[in-house]
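Per-chain numbering from 1; labels A, B, C and D assigned in written order.
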Amino acid sequence: MDTFDCYRQMRRIRRLEETLVDLKNAGEILGSVHPCNGQEAVPVGAATALRSDDYITATYRGHGWAVVAGIALVDIFAEVLGRASNLNGGRGASPYFSSPGVNFIGENSIVGAGLPIACGAALSAMRDGRAQVSLVSIGDGATNQGAVHEALNLAAVMTLPLVVVVENNVYSEMSPIAEMTRVVQLAERGAAYGIPATIVDGNDAAEVAAAVDAAVARARGGGGPTMVEAMTQRYVGHHSGDVQHYRPTGEVERARADEPLARLRAAADDDTLVKYSAVDIEVDAEIDNALTVARTIPEPDPGTVLEHIYV
Amino acid sequence: MSEPSGSPATSLRYIQAVQAALRWALESRDDTVIFGEDVAKPGGVFGATKGLYETFGDKRIFDTPISETAMLGMALGTAMTGGRPIVEIMYADFMFVAMDQLVNQIANTRYVSEGRWTAPLVVRTQQGYSPGACAQHSHSIEAYLAHTPGLRVAAPSTAGDAYQMLRTAIIVDDPVVVVEARMLYPTRGDVLLDSEVEEMGGARILKAGRDVTIVSWSSAVPTCLAAADQLAREGVDAEVVDMRWLNPLDHSTVSESIAKTRRGVVVHEANLTAGLGAEVVARATESLFGVLQAPILRVAAPDVPMPAAPSLQAAVVPNVDRVVSAVHATLGY
Amino acid sequence: MSEPSGSPATSLRYIQAVQAALRWALESRDDTVIFGEDVAKPGGVFGATKGLYETFGDKRIFDTPISETAMLGMALGTAMTGGRPIVEIMYADFMFVAMDQLVNQIANTRYVSEGRWTAPLVVRTQQGYSPGACAQHSHSIEAYLAHTPGLRVAAPSTAGDAYQMLRTAIIVDDPVVVVEARMLYPTRGDVLLDSEVEEMGGARILKAGRDVTIVSWSSAVPTCLAAADQLAREGVDAEVVDMRWLNPLDHSTVSESIAKTRRGVVVHEANLTAGLGAEVVARATESLFGVLQAPILRVAAPDVPMPAAPSLQAAVVPNVDRVVSAVHATLGY
Amino acid sequence: MDTFDCYRQMRRIRRLEETLVDLKNAGEILGSVHPCNGQEAVPVGAATALRSDDYITATYRGHGWAVVAGIALVDIFAEVLGRASNLNGGRGASPYFSSPGVNFIGENSIVGAGLPIACGAALSAMRDGRAQVSLVSIGDGATNQGAVHEALNLAAVMTLPLVVVVENNVYSEMSPIAEMTRVVQLAERGAAYGIPATIVDGNDAAEVAAAVDAAVARARGGGGPTMVEAMTQRYVGHHSGDVQHYRPTGEVERARADEPLARLRAAADDDTLVKYSAVDIEVDAEIDNALTVARTIPEPDPGTVLEHIYV
């Protein structure tokens, strides 16, 4: 992946999240927003290894995955704003939207629950013979949920074409993962299922891409599931209202210095920086446009509230 | 309900009817896949899937680890992406370890996506007490299911319905939980193997009557039929309604029947409080207020877990005497 | 209910009242221990446990992994062996990942052992929609709980009750699920901090009236009070009953009230079908048949998952208009 | 433990199970019976490491554990026969009985559900300062259940005084564990939680005893949980009615030859065999007596059916 494309995609996600948090703070969004600022390199890197017909399953912190899956910004804005969006018509909102059109199985607001569902997409992939894979992202804390255990074992025993990305941002809401398990790296759990597991720098899109690429190749080739633990940090709160009183002094600052966009900028020469700034301007415009259009979309018609519960 | 076809009925046990419907599914639809604990090579602990593995192989039916949450989640993911999974949860009691996938995932899929996803899957399970079975293998769970919008719920009481309703459940694009009745597995009935697949829904009047309507489903149906027999010997002409589908709930058949008899009793094996019987009562009472000659009464298990000792079970599970007494009570109003 | 003590009432928010009750528990009983996700060092995502870790340390309150099944199971095992655990399940929706421990384990413990074990534990959770919250964070789960014999269920609607009922839940030796109402967390009320701990159970008449009885609990109570205000302006004198405890269910207060008004409406945020409202209707109708001037009506969420968009939520959650209309309907009979 | 005591205790469990299966086949027991024939050395060995105030949690296949916990045979018979027993008054039956008197937390008929509960007993043990431990037995198949995963992680992170005995009898109902997970030994999963795990010959009571003793010592000393995987086999069916069509030819015969009582007999000299036979006679008499007394106990009074649901 070209560095500028990578920068652009990460910047797009970053600005989406920042804008959503602004909207939330302004009272324009009423539900909760769980931004992924700092973690953008994970979806952006991973996506380079995927085909458009692969399946993606994410969590409430899933806007980055939605963007790389190919969902239009306007649809995300509209959905999160509670409008009659093309995504879920406002029924899902920030933490629980999905899109069959781009095989985005969806976000999930029950910790760990996406993994079993992703196994199902993987089963379809295996059955349909088109060598699709099913990629699922979960958090570090989710690895302590029973659903995750059951699904990992099932995926291994069935040799499902599944790629499990554990976004280890070292916190589950306000609790450090280090206090919630005795293993140092969650990748150590792969062995408990016979699943190969790698640890990558989750703030380095290229490193994520390489690991996911290997995992995807393995899955497409019938080799079964792989776990990729991406070490990263959100430098923002768990949700928009989280003031992060639980983080030790300096930690957030260090995370800010090390986040993927900051890294790219730090490594860039002057020419590149100029180009990045040009991208920034383009992305800002894109975001503004998307939001402007989203705001024109009406709220869902209450008269439709009983529709679509059954076929 | 569809017309019976020309072919003659076959007498099968309930469990064999289930098996026939599953075989039909694997034969007639490529998108179906069956999985669960001990369902493939062993053929199922009750034999519901016997012989299917041998015929269809491990691409169509396979055994899973003891991981109900993973099973239901995988069913959902498969159903969202072109498959039509049929999962067996061995006992209804085990649904509780996987309840999140049912309530927070499967049930939400279609509605929350505004109809963009469908989840055409079937969860087969069986429920109820059996002599000596412990509390963890005796739950009747239909009220938990019926209180969960987004799920369809089928509760067949005969071999014929076990076949027809399971086929319907497989065909429809909504997620359906088919709650079979373990105690009825050995019972025989006529099965129309070559008939058309029926539409979903619809209660059935198993016995017409003028004096009182007895509504039930699943394991309670034979009890109600026996009670109606006994009542008939006393000169009381009871109408017996088998709800069959608990979602969609065929309120109109119930209320038409009670509109005629002006008296009703609802019977279920699940415990009383917040059972589905209360719903039937509340709806029928609302629509028939003024018509009713007596309150619609309920016969259900009292609010205790199921004790294992047969002498205690007999004091919990609705029986003919209790149904007859309830009918007497409504007639005495 | 106990007499208010001499000390004056303190005005607290609902969530502060919960906090006060938890502090009281850790102070007054050595056997209590609090655990849950983010409850100790972070003080709880809603602040219910704020400051307790600092005062009582990690032997009395600690954070757990995101493992609700392990949490509820550990609570049961601790309660069976001398402890008195108070567990927080952050959102009622997450109960479904751990439903087995509630339904098949905790609820059975006393009954199946013929009273030899007790399980004096409290599961605190909070439920209901809030503006923009998704379907997986909006469930009202009381009917699932009330249909499970062996569990006590508390659903306080005021700060005062949040304090009193939680203290009662902690003291009693039955397992109690205390279902708090997230939308009411910021609301203020009078709390009698130094009062005696109340007995378990008992509905409360919040407003006396002669024309109709409105029964509700949890988040629906303020809606019903507002509806009663509006009705009063029209000259309709509604009695408002807050059920408070859903198990034990205080049927006698409800039926005495309806016996007087001869009309009733039951209101809850949980969805209609097989909701606990049906139980209230079925029981009251049975005991008051002949007295009732109209069927007891229900106002509840329609049978859909909770949509996130506020415009849709407004069409789902019971509101003053719907309650008033239902009252009009019963009066129009 | 003295070999004869060991033999006697195993023989007692064996004859209990055989008698229960006979009663089941004769229609005198109506519920299901899951015998542990072949696995007796596990509870008998483990119990030598336990104090009487330690907690034991078992599964439906828990009669051996009940016996070593100190529950009288007559109570077990009466409970399983559906009589008004001193155990649970007939409410629990074969797969779900318990006894606070001997700290037998109980059997459990939901696979895996006992482990979280055993964590709770361990928490009480930790809090009460009397250095009790909580021992829990689960099957091989149970390790794929979410509850087990969550509880193992929780026990590890809380350093609970818990001993987890995995009775690996290589089948879960009719399915071989080898087809249900990719790990060869379930003890490999210990590492996923930071829990030390050992594998023992589960048909050798002394070997079980040594491993459990070490685990118990660790737990009492504040060292936290240990997993002991005991390799064993039931040479009988999953429940009394299981004809074991799923077992490869010869496997059951080999299991019979290797079961703990057969082993002891095979290793015994003539003198010892005579003594064993004497024990057999005593145990048979004990069983007969217990059953005779149990049969005199009445069925539970249906009038009590609503009692004891609440305090």
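Worth a mention:
FYI, contacts are C-beta pairs under 8 Å (C-beta built on N, C-alpha and C of every residue); 3 or more make two chains touch, one makes a residue touch a chain.
Note that this is a predicted model, so its numbers are computed, not measured.
Farthest from subunit C in terms of Cα centroid separation is D. Chain geometry summary: the mean Cα position of subunit B and that of subunit D are 36 Å apart.
For this pair, subunit A with subunit B, the centres built from the Cα atoms lie 40 Å apart.
Each of the following residues of subunit C touches two or more other chains: 64-65, 67, 69, 93-94, 97, 100, 104, 111-112, 134-136, 149-150, 303-305, 307.
Residue numbers of subunit A whose C-beta contacts span two or more other chains: 89, 91-92, 96, 108, 110, 113, 144-147, 150, 153-154, 157, 179-181, 309. Shown here, the protein chains touch in all possible pairs.
Within the complex, the subunit B residues that touch subunit A are 33, 59, 62, 64-65, 67-83, 85, 100-101, 104-105, 110-118, 149-150, 152, 172-174.
Contact residues of subunit B toward subunit C in the complex are 69, 93-94, 96-97, 99-100, 102-104, 107-108, 111-112, 134-136, 139, 143-144, 146-147, 149-150, 247, 249, 270-271, 273-279, 281-282, 285-286, 289, 292, 294-298, 303-305, 307, 333. Subunit D meets subunit A in the complex at residues 144-150, 153-154, 156-157, 179-183, 188-189, 191-195.
Taken in their complex, subunit D has these residues touching subunit C: 55, 57, 88-89, 91-92, 96, 98-101, 103, 105-106, 108, 110, 113, 115-125, 127-128, 134, 146-147, 150-151, 153-154, 157-158, 307-311. Residues 37-38, 41-42, 45, 63-67, 69, 93-94, 97, 131-137, 302-305, 307-312, 314-316 of subunit C are the ones touching subunit A in the complex.
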